[in-house]
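So the structure is just underneath, and the comments pick up after that.
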Amino acid sequence: MSETARVINEPWPSLPRQREAVTFAVWLFLATEVLFFGGLFLGYTVYRWLYPEGFLIGAQETDIVYGVSNTAIIMTSSLTMAVAVRAAEQDMRRMVFRCLIATALFGLAFLVVKGFEYYDDIIRGFVPGPHFPLHQTGAELFWTFYWVMTAVHAIHLTIGIGMVATLTVLLHRRKLPLVSPAYEGVALYWHLVDIIWVVLLPLLYLIGRAS
Amino acid sequence: MNPFVYFSRVSNEAIAVDHIFFALTALSIVIVGVVFLLLLVFSVRFRADNPVHRRKPPRIFEYIWTPATFFLFLFIFWWAAANQLGALDHPKDSLDIHVVAKQWMWKVEQPNGVREIDEIHAPIETPVRLVMTSQDVIHSLFLPALRIKQDVLPDRITYLWFTAQKPGIYHLLCAEFCGTEHSRMTGRLVLMTQPDYARWSRSQGPSRGLAAQGEKLFRSLGCSGCHGPNSSVHAPDLAGVYGREVHLSDGRVVTADEAYLRDSILKPGSAIVAGYKPEMPSFAGTVGEDDMVKLIAYLKSLAGHTTINQQGERR
Amino acid sequence: MTDAILDRLPQAKQPQTYLNEGYTLSSWLLTTDHKRVAILYALSITFFFFIGGAAISLVRLELISPNGMMLTDEQYNRLFTLHGIIMVWFFLVPSIPTTFGNFLMPMMIGAKDVAFPRLNIMSWYIFVIGALFTIYALIAGGVDTGWTFYTPLSTLYANGSVIAAAAGVFVAGFSSIATGINFIATVHLQRAPGMHWKRLPLFVWSIYATSIVMILATPVLAMSLLMIVAERWLGMPIFNPANGGDPLLFQHLFWFYSHPAVYIMVLPAMGVVSEVLACFARKAVFGYTAMVISLMSIAVVGFLVWGHHMFVSGQSQFANLVFSFLSFIVAVPSAIKVFNWTATLYGGRITLKAPMLYAMSFIGLFTIGGLTGLFLASVPIDIHVTDTYFVVAHFHFIMVGGAVSGFFAALHFWWPKITGRMYPDNWARIGAMTTFLGFIVTFMPQFFMGYAGMPRRYHVYPEQFQAYNVVSSVGAVILAVAYLLPLFYLTWSLRYGKPAGRNPWDATGLEWQTTSPPPKENFDRQLVVSAAPYDYENT
Amino acid sequence: MSRQTIELWKGPLLIWAALCVLLAITTGSAYIPLGPGNGLINMTVSALKGALIMLLFMNIRTSSVLVRIASAAGLFWLTFMFALTASDYLTR
């Protein structure tokens, strides 16, 4: 009861009502995110339709090993995140704590892999600009979208890691009881970041492998 | 000059636009009048201290004005759209005047190669087509007397058609904000009778036809090395290519218009003709918009197109 | 500023109001009370309203002469860009939702506060950060792209602080999103017992519809601005045609937000007008259900019409016709609203107080704005008048004649509730009529000027348009006076106005059932709603 | 490992395994030249993975109608954006 009282905020009369509101609001925010990335997807689609050859030639230069391993990593982070939320519902505090740490670490691992990939890309010169190595029209556009999409995604993931880390610290200091809707809210966001990556994988890494 | 420039309308299309405009204006005045009048009458008649019999407005009105509005709007859409579709149906043989926009001037080339700045001379009672592109930002060529306007885009060709009826000097304006001197990117549209136009064309000093200049470029840029009749390289023959349907390697079928020719020169990889290898180098950066105009004019002349522009060039 | 106003506020007889909860600066800056957040927003947007107004006053002054008098081309372009950016994103979009929406919507549904009070104050801070970027862009030399940021001008050619301005708008957008999410959650989950959907006041419905547009359109603007920054700052080609990019893609993305943004501005004003009309005609709004359906369908269909901004852009002719058709469709619910408002007056007991005058000028001006929208939805006419003063006049009829009139109607209607004081009604009525007159004189000539072929954003212009411009500038002076007037009598009323009491207009909304100004908790008890709104005939 | 722990992990692990299988399918198929089939498989698999995460990890399957509507709104509006933009690009 006291735990409930600690997480309940004005103006909510009851915790289930507050939880419903948080879930609903986070989903509304995720709808916003879908349209935010939607702008990028639209641009990608239009240019891929205009320059199919250029996109294939550009896409052949991305490194699928990084792409696929990062997909595996982020999917696994989603697993630990989902388990954390379920454990919180069952009041398994240690499990929540471990799963949150695992989630944050998987997130960090994703960023590290991404960092190596960026390093490789830069070394090989695939930075859009005057010295871009591919000349087929569209290839440079593909790489612009590669950079913007992955960078915006990485920023989202970084924010996610920050939030998971905050939850972990608060949980450790016993400042955020497991009944708080915050766990589910952060988890929803985390899963969306995962879904976005799942969509990016074929757009950036899988096209152009067959030829 | 008459401040009510909209009475200086110089084409049948402009008159048609005016008709829709005036009809909509009349309709609007009626509706606004009724709304204002009702607001006024109700405010007076139903003022709080007026002892008048009051009853509710019958709900039936809702069922009348909702479909009425819908069908009225549908009708206006149909009228305007039909007009627009009619305007798209332009004559095939037109006098092509090339326009290149840049910050902040209009560069114009007549079919016979005469160059003008911020001025377009055109004959009346002749279908004229403006073939337009931009060197930098988006501009918009606006000819208010003809009630037409079209954005002029970098690396893309857009068109305007008109058949003017009345000679005179009219505004030529840039309507899309294009930077510092946007409001100074203006000029004149000079409409002349056909004999006047022919006389004017001839008087514009020794000029070589656009196509002839294009032919020279075609050789100096090395195009003829591959596309010429005696070439050993496997490249498409360009004679008569303009206006023809071209089958591409990715299965598309496109018409070889100005935009297609332009893309093929600047972005050769974007549309490979079926049966050929993508080996042509891009001429982006080498061929400027002025040269592009000439090259395209040359390619069109290869098509054996009999248009008024050749008549115009006949000495 | 806040303290200065506080000093002059009445020492209320009620033991507690949201104003005397605390007097420290931090009690304002760290507040979570939706009413105080609304006041913070109100002060910020008032500041921007006058900045944007000052910019356009200079522009209108300059346009008296066809060859310019005092400004260079650069300065002129920067001024109208500044006017556009500030008025759109720092006044009109936040105007009614963040002030009256914030203050009144929770009260109108019988709630203690919005769903997420801390998110609410956070959204104000986000707005302020966006505003700081924009002010920086201003001080750093301004921007000369027009508020539309069209590429490749904005990314490759313009000299101004495009990135700072884009960043400002980008950040402010997230404030919109936060507010929108908060409001939707509030309307869904905070309604008092008995306040079911068919009992919601139309103002609440309008805020709800607006919030939907806010959260679903704004992110697309954010992304298109991000792309602008990537291209301009990082040199990554996205829209640059030299690399195969398409500038029209930017226009699609931009207008996917910016057309619905017009509805963000005008829908709340429609809500306000419905409240005010019902109150001063002592009658229920005619056709409540049709009004709700209209609001919601404008919000949704409004997303489908953006392409009518691009009829001459090089968009395909087929798309032109599709967007033209959809634009005619979206006009239907707007027309129905005008008919319903007019019918509301029929058989009422009408008193023409200041809010009512503003509401009626809204109806008149919005009708003209809406009808000229039909001109612009017709492709052949739009081809001629787009990017001319005809368009300028049209959208000012909607955004100023409509949205700003609605704002002033709301200001005068709820001022007694917000401050607890009455303003001098005669002065306010003079203000309302001056606004209407000034507005008509300013913008009517622009229709003629536009059809005659005067392009917008022109610093120097052909002499034949001078007569129209002079009239328009004279109107602008009247309008400026009309907008400054309330600043004086409303400030005066804070100290000298007579106390308003709970319900000076004898209105029916829940917000009138509490003291003025309301206490922090809004109501002293949990309200239970048992009647439809606008129950005027039975009182 | 306690019974509770096993119960806790069983469901999510199954979903995760399904996701991994789908990842393998989509990666593997990407190397087989199928023409437009590649894109089709890729997008179908992405949609399936997204649906799995949404329905099961994000609990849409058991959520209220309100939340379901919110979760669909983004995609719904995205179709507006794509459809009408396509009306321009596909007919230019």
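The chains carry the letters A, B, C and D, assigned in the order they are written, with residues numbered from 1 in each.
Rule of thumb we're sticking to: a residue touches a chain if its C-beta (ideal position, glycine included) is under 8 Å from a C-beta of that chain, and two chains touch if they have at least 3 such contacts.
Every value quoted in this text rests on a predicted model; they were computed, and no experiment measured them.
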Of the pairs A-C and C-D, which shows more C-beta pairs in contact? A-C
With centres defined from CA atoms, tell me which chain sits nearest the overall protein centre. C
If you average the CA atoms of chain B and of chain D, how far apart do the two points sit, in angstrom? 45
Averaging only over C-alpha atoms, locate the centres of chain B and chain C and give their separation in whole Å. 36
Averaging only over C-alpha atoms, locate the centres of chain C and chain D and give their separation in whole Å. 39
Multi-chain contacts in chain B: which residues touch at least two other chains? 267, 270
Of all residues in chain C, which are in touch with two or more distinct other chains? 188, 216, 220, 244, 248, 252, 256, 317
Counting only residues that touch at least two other chains, what does the list for chain D look like? 66, 73-74, 77, 81, 85, 89
Quick one: which chain pairs are touching? A-B, A-C, A-D, B-C, C-D
Residues of chain A defined as touching chain C within the complex: 9-11, 17, 20-21, 24-25, 28-29, 31-33, 35-40, 42-43, 46-47, 50-51, 54, 128-130, 137-138, 140-141, 144-145, 147-148, 152
What does chain D use to touch chain C in their complex? 66, 73-74, 77, 80-81, 84-85, 87-89, 91-92
Note: in the complex, chain C contacts chain D through residues 188, 216, 220, 248, 252, 256, 303-304, 306-307, 310, 315-319, 322-323
Show which residues of chain D lie in contact with chain A when the two form their complex. 4-5, 8-9, 11-13, 15-16, 19-20, 23, 26-27, 30-34, 38-39, 42-43, 45-46, 49-50, 53-54, 56-58, 63-64, 66-67, 70-71, 73-75, 77-78, 81-82, 85, 89
In the complex, the residues of chain C that touch chain B are 73-74, 77, 144-146, 148, 150, 152-153, 156-158, 241-242, 244, 247-248, 281-282, 286-287, 290, 312-314, 317, 320-321, 324-325, 328-329, 331-332, 335-336, 338-340, 342-343, 345-352, 360, 363-364, 367-368, 371-372, 374-375, 377-381, 383-384, 386-388, 448, 451-453, 455-462, 464-465, 467-468
